[in-house]
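Okay, got some structures for you below.
Next come two complexes built around subunit A: one with subunit B, the other with subunit C.
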Partner chain A sequence: MAKCTIDGREVEFTAGENLIEIARRVGVEIPYFCYHPGLSVVAQCRMCAVEVEKMPKLQTACSTPASDGMIVHTDSERAKSNQKSIMEFLLINHPLDCPICDKAGECDLQENSFKYGDAYMRTSEERRTYLDLDMGPVIKKNMNRCIHCTRCIRFGAEVAGVREMVAVSRGNNTEITTIDGRPLETDYAGNYADICPTGSLTLKDFRFHKRAWMLKKTATVCEGCSKGCNMEIQQDNNVIERCIPRPNMEINRYWLCDEGRFNYHYVNDRSRITAPTSLGGKTSWTSAVAAAKEALKGKKVLVLAGSDLTQEEAKLLIEFAPKAFPGSTLLHFGTPGITATTQDAPADTLLKRKSKTSNLNGWEKLGVKGADSIPAGTEAVLVIRGGRAELPNLDGVSTVVAIGVFNESEVAAAKVTLPGTSFSEKDGTIVNYEGREQRLRRSINPVGQSKQLGEILMLWTHSAAAAPRPMESVKGVVA
Partner chain B sequence: MAGQPKDFETLYVQHFHEEARALAYYQAKMEGYTALKKAFGMTADAIIDEMKKSNLRGRGGAGFPTGMKWGFIPKQSTKEKYLVCNADESEPGTFKDRDIMRYTPHLLIEGMVIGGFVIGAHHGYIYIRGEYTREAKLLDAAIDEAYAAGFLGKNILGSGFDFDLTVHRGAGAYICGEETGLLNSLEGKRGEPRVKPPFPAQAGAFGGPTIVNNVETLTDVPFIINRGGEWFSKLGKLEKSGGTRLFSVSGHVNKPGVYELPSGAYTLRQIVYDVCGGVLDGKKLKAVIPGGSSAPVLTADEIDVIADIEPIMKIGSMLGSAAIMVIHEDQCMVQLIERITKFYAHESCGQCTPCREGCRWMEDIIQRILHGKGKMEDLDLLLDITNNINGKTLCALGDAAAGPVASFVKKFRPEFEAYIRGEKRLAGHAPGHGGKHAEGHGEQHG
Partner chain C sequence: MLVKRDVKALQNIYLIEVLKGLAITMKHMLFSKAVTIQYPEERRNYSDRYRGMHYIKATNGVENCTACMLCPTVCPAECIHIVAGERPDKEKYPVKFEIDILRCCFCGMCEEACPKDAIKLSKIYEMSTSKRVVYDKDYLLEQRGHK
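After this line comes the complex of A and B, so read on.
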């Protein structure tokens, strides 16, 4: 295999790999701004220029493929002086408003400035300023902070498939903007904020909410559709502030759609029911469970489970339903018109799929069928879901009991609602459209009095016999 | 006696008159389209060989050997190949290609058909400077003539070789004279250079292997085919630099204009004083810019140098497009470099950091100095900025901007210092670039 040497470390590479990626493998960081592994290489920022032996000029590591025997110095005097000068150039016109900028703390410009720049400025010239137009509901633009890396232009044209970000004017006046200042069209706009190496494009949804360094991060999977894009939930004080994509080359690469990115909002929404309710009024778990059991007693029950529930939850329900309601039917639901994986298909050319729940495939693998209508003779429905599955029309059903994540209007007609957990409040397994099993990870504690499904079913099963056992006996068992 | 010297063979200047434009003249007086016939009887390799023997070096500015460049086209490629003539002629001070296109357009057409034949291209483009409206029309007319006479189109001269030629007008951007910027513009994209590799010979216009040659380079081709590479090489007086060369001389000189001289035969001093009749109004010579405004300036003491690629490079400047700008003693060098720097800052495409930020920064500093707000340390800062731009940009525009500033500051430092000390000062306030407010939203700034 071909080998090259980077800062004295010999490293093997495959043809076509660029120096940034090869160096990363042996722990050598080459700083860059315009390079992004998911986008075309333009070598515009010039930050990644390194010294390559036998080449008179510095070479940009992003655009230089390694060759056998190549000897590269990323920390030579010339390379370091170039990094310092690029930082100086980039900051001539940058407002340095880090204290009020949302990107601070996770800003490439800020980090590279600390690492590779000079603490002193030599410019006394007036800074360049721009006027910004509204970019639509997702992205807030601040052109003054822009360093012209053109990642956003390339993302739109190459990934999102829409040429909406462009460079207008020329030279020092170059402005990165949308065509004619129109709002963004793509439904992948959130990625613009992710790839922006500075605070020029930020999420309207997130800005001024939290400083980046206060966020606690959990690696998990998006529940927005059957694709199973990898993402990270970022929360503080048990409130989800933001979701961002995690790279997974086999699923979502570096991207996340806006629907998936902003799906989490129902978790901390005010209208979410987070206390047990019976006939519209808040009550205790004990009396709510008792009321639920009373409501369904002796009736022909249909158990409707959302295909947004995990494999573990599905297994519990498959075991629970026939025991609790002999003769009942268990069906799953999630996306109107899609009851089986054969009806699921890509919804666009990038990531989205038609099934708007994450675990349709998993439920199908467990042998549960999808509900396309309420079977005749149904007297009562027990509906269980994670929060994403779209409820079927239950208007004709006189008795509804709901377990899971609902908002007030959704279960206004329910006799009893027992608050469960969303994808962000539990661990579990989901199976994506291609059969890939992935883990949901709990990033926040269940909101309010919400309980995990296992716990709710346990309450249900054991409360029939008697009132809750006194604490003493529990202590006895534990001891 | 000043003026075009006549003691050697010239190829061009005797035809630089209105009558020369017609196809009939070209065929009668310039062996028009005989080279094409001859070329069709040769193999591509034989022609490239002849080109290599001719020691023709690109006339656009970089001076790359043309024969070698043509040899870079991959023979096995199945992609459509293109020959593009760079007629953008955007380097300030250069106006030789304009005369070629204005008076001898058929020479260019013939050169391009031969070039297309050699590299296997069936479509050629002449990317012409947007301001050259008259020349674009003249070229179009000549191309029509050539089509009608069977020198363009299908099965040219019964050779079985097809070649179409299109004139494409630029929209007035210096950067579109850079070959990859030119190709982007030709394709209808934003005129900004591409990252190399891939070089145009691998992936150029519309993704196909492409050769981009200067006008004068291509018009030399018919002469070389007709009379042989060796003959052409011997027109030049230096090794590895063949042919005659068209010099565009401008500035404070008695007889500015286009002159044809053998490569490597004249010193800059001879060109200024003997060929062009000396400095305007009998003033003292102060400086010479030898190769278009991007070439580092030479002082009056440095001009005893042969005006050719290697000798001028050896003393730290460049011959470039052979555009000689003569500067006399009354010219303020600070004002001059301000104008030059303003040009490059304005023409920077804005994609790469050092050029986008550095060129304007230099312009700002120089303007500050001119308006009495300079500091002594600004001069070293300027030199430092030039060093940080030079060789570190995506294309050569950064170097083009940095080279002049460095040379002006180094060679005429006292003039800068006079401004800084307050002994001289330009009237009015330093322009703040419209409050440095870069209005945008689709608006193009002139």
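After this line comes the complex of A and C, so read on.
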């Protein structure tokens, strides 16, 4: 295998790998701005220039594929002085507004300036300023902070498939903007904020909510559709502040759609029911469960479970339903018109899929059928869902009991509502469209008085005072 | 362990010892300067670096604070609570700025962390109240200090 030497460390590489990636593998950090592993290489920020022996000039590490026997110095005097000069050059026009910039704390420019730049600047000229036009509901633009890395332009053209960002004018007056100043069209606009190495493009949704370093991060999976994109939930004080993609080359690469990114809003929504409710009024868990049992007693029950519930919850319900309601039917629901994985298909060319629930495949694997319509003769319906599945029309049913995450208007007609947990408040397994098992991780504690489904069913089955036991029956479901 | 001390006969009557002690007391009472002061009327002059009641400095009537959250980040007592917002004349400003003064340990790290010279600790030390007080933004914006 071909070998090269980076800062005295010998590394093996496969043909075509660039120096940044190889160096990262042996723990040598090469600073960069315009390079992004998911985008084409343009080598225009010049920050990653390194010294390669037998080459007269510094070489940009992002655009230099390694070759056998190559000897690279990333910390030589020339490379270091180049880094320092580039930092000074980039900061000539960069405003000193880190205190009010949402990117501060996770900003490439800030970090590289701290590590490779100089604490003092020699310029006293005025910095260029721009008037910023609105870029639609997702992204807030601040051109003053831009360093012209063109990551956003390349992301639009290469990944999102829309050429919407362009660079106009030249040199110092370059402005990165949308064509004719139109708002962004793509459904993947949130990624612009992720890939921007400065605070030029930031999320409007997260604007001034928290500083980056205050957020506690949990690696989990998106529940927005059956794709199962890897995602990180960032929360503070039990409130989810934002979600960002987690790289997974086999599923979502570096990206996340806006639907999945902003899906979490229902979790901390004010209209979410977070206390047991009986006939529209708040009550205790004990009396709500008793009322729910009373409402369904002796009736022909249809158990409707959202296909956004995890495998563990599905297994619990499959065991619970026939015991609690003999003669009942258990069906799953999620997206109108999609009851089986055969109807699920890509909804666009990048990530989105038609099934808007995360675990359709898992429910099907456990042998539960999807609900087209309410079967004839149904007297009562028990609806259980995690928050994402779209409720079917239950107008004709006289008795509805709901367990899970609902907002007030959705369960106005329900006799009893028992608040459950959303994807961010529980651990569990979901199976994506291609059969890939992934773990949901709990990032926040259940909001209000919400309980896990296992606990609710325990209350239901045993007396109200029964202590919650670990979900023993779930053992063996997960490989 | 008890130690048997060798006590002389005169010491045993105590009278001389009592008079000796009284002499020291009288010396301090009559001939040395009082260490206490008549507090509300008289005040001590504390150092300019004294860390007392907080205030937010304002320039031309506008608060210096830009709600950068460095003070709640550095605060060891977690007593500063800020909610940031936007208004036409200022991109980012504190909509809410509250100091839970009973939790504050007056370490002055907020003042040190502030990049905008906004949060300050004045020399005011008379802060006792009969109930729990949270200083809000309006209260903090009264310019109390001169730092």
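Basically, the second predicted complex is superposed on the first by the 463 of 479 C-alpha atoms of A that agree within 3 Å, B and C clash if a C-alpha of one lies under 4 Å from a C-alpha of the other, contacts with A are read in each partner's own complex, and residues count from 1 in each chain.
The rule we apply is simple: a contact is a pair of C-beta atoms (placed from the backbone, for glycine too) under 8 Å apart; a residue touches a chain by one contact, two chains touch by 3 or more.
Computed from a predicted model, the values in this text were never measured in an experiment.
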When subunit B and subunit C are modelled together on subunit A, clash or fit: fit
Geometry of the superposed three-chain model: angle at subunit A (Cα centres of subunit B and subunit C, steps of 10 degrees): 100
Partner chain in contact with A:Asp180 - subunit B first, subunit C second, else both or neither: first
First, second, both or neither for A:Thr286, with subunit B first and subunit C second: neither
Subunit B versus subunit C as contact partner of A:Ser67, first or second or both or neither: neither
Subunit B versus subunit C as contact partner of A:Asn172, first or second or both or neither: first
Comparing the two partners subunit B and subunit C, which touches a greater set of residues in subunit A: B
Contacts of A:Pro99 with subunit B and subunit C, given as first, second, both or neither: second
Subunit B versus subunit C as contact partner of A:Asn445, first or second or both or neither: neither
Least C-alpha distance (whole Å) that remains between subunit C and subunit B when both complexes are overlaid: 19
Set of subunit A residues, in rising order, touched by both subunit B and subunit C: none
Parts of subunit C lying in touch with subunit A, wherever the complex brings them together: 66-70, 73, 84-86, 91-92, 115-116
Residue numbers on subunit B that touch subunit A, as the complex places them: 173, 190, 195, 197, 345-354, 356-361, 364-365, 368, 381, 388, 391-394, 432-433, 435-445
Residue numbers on subunit A that touch subunit B, as the complex places them: 41-47, 49, 57-58, 60, 63, 81-82, 85-86, 88-90, 92-93, 122-123, 125-131, 133, 143, 147-148, 150, 167-175, 177, 179-181
Subunit A residues touching subunit C - in the complex, by the definition given at the top: 97-100, 104, 207-211, 213-214
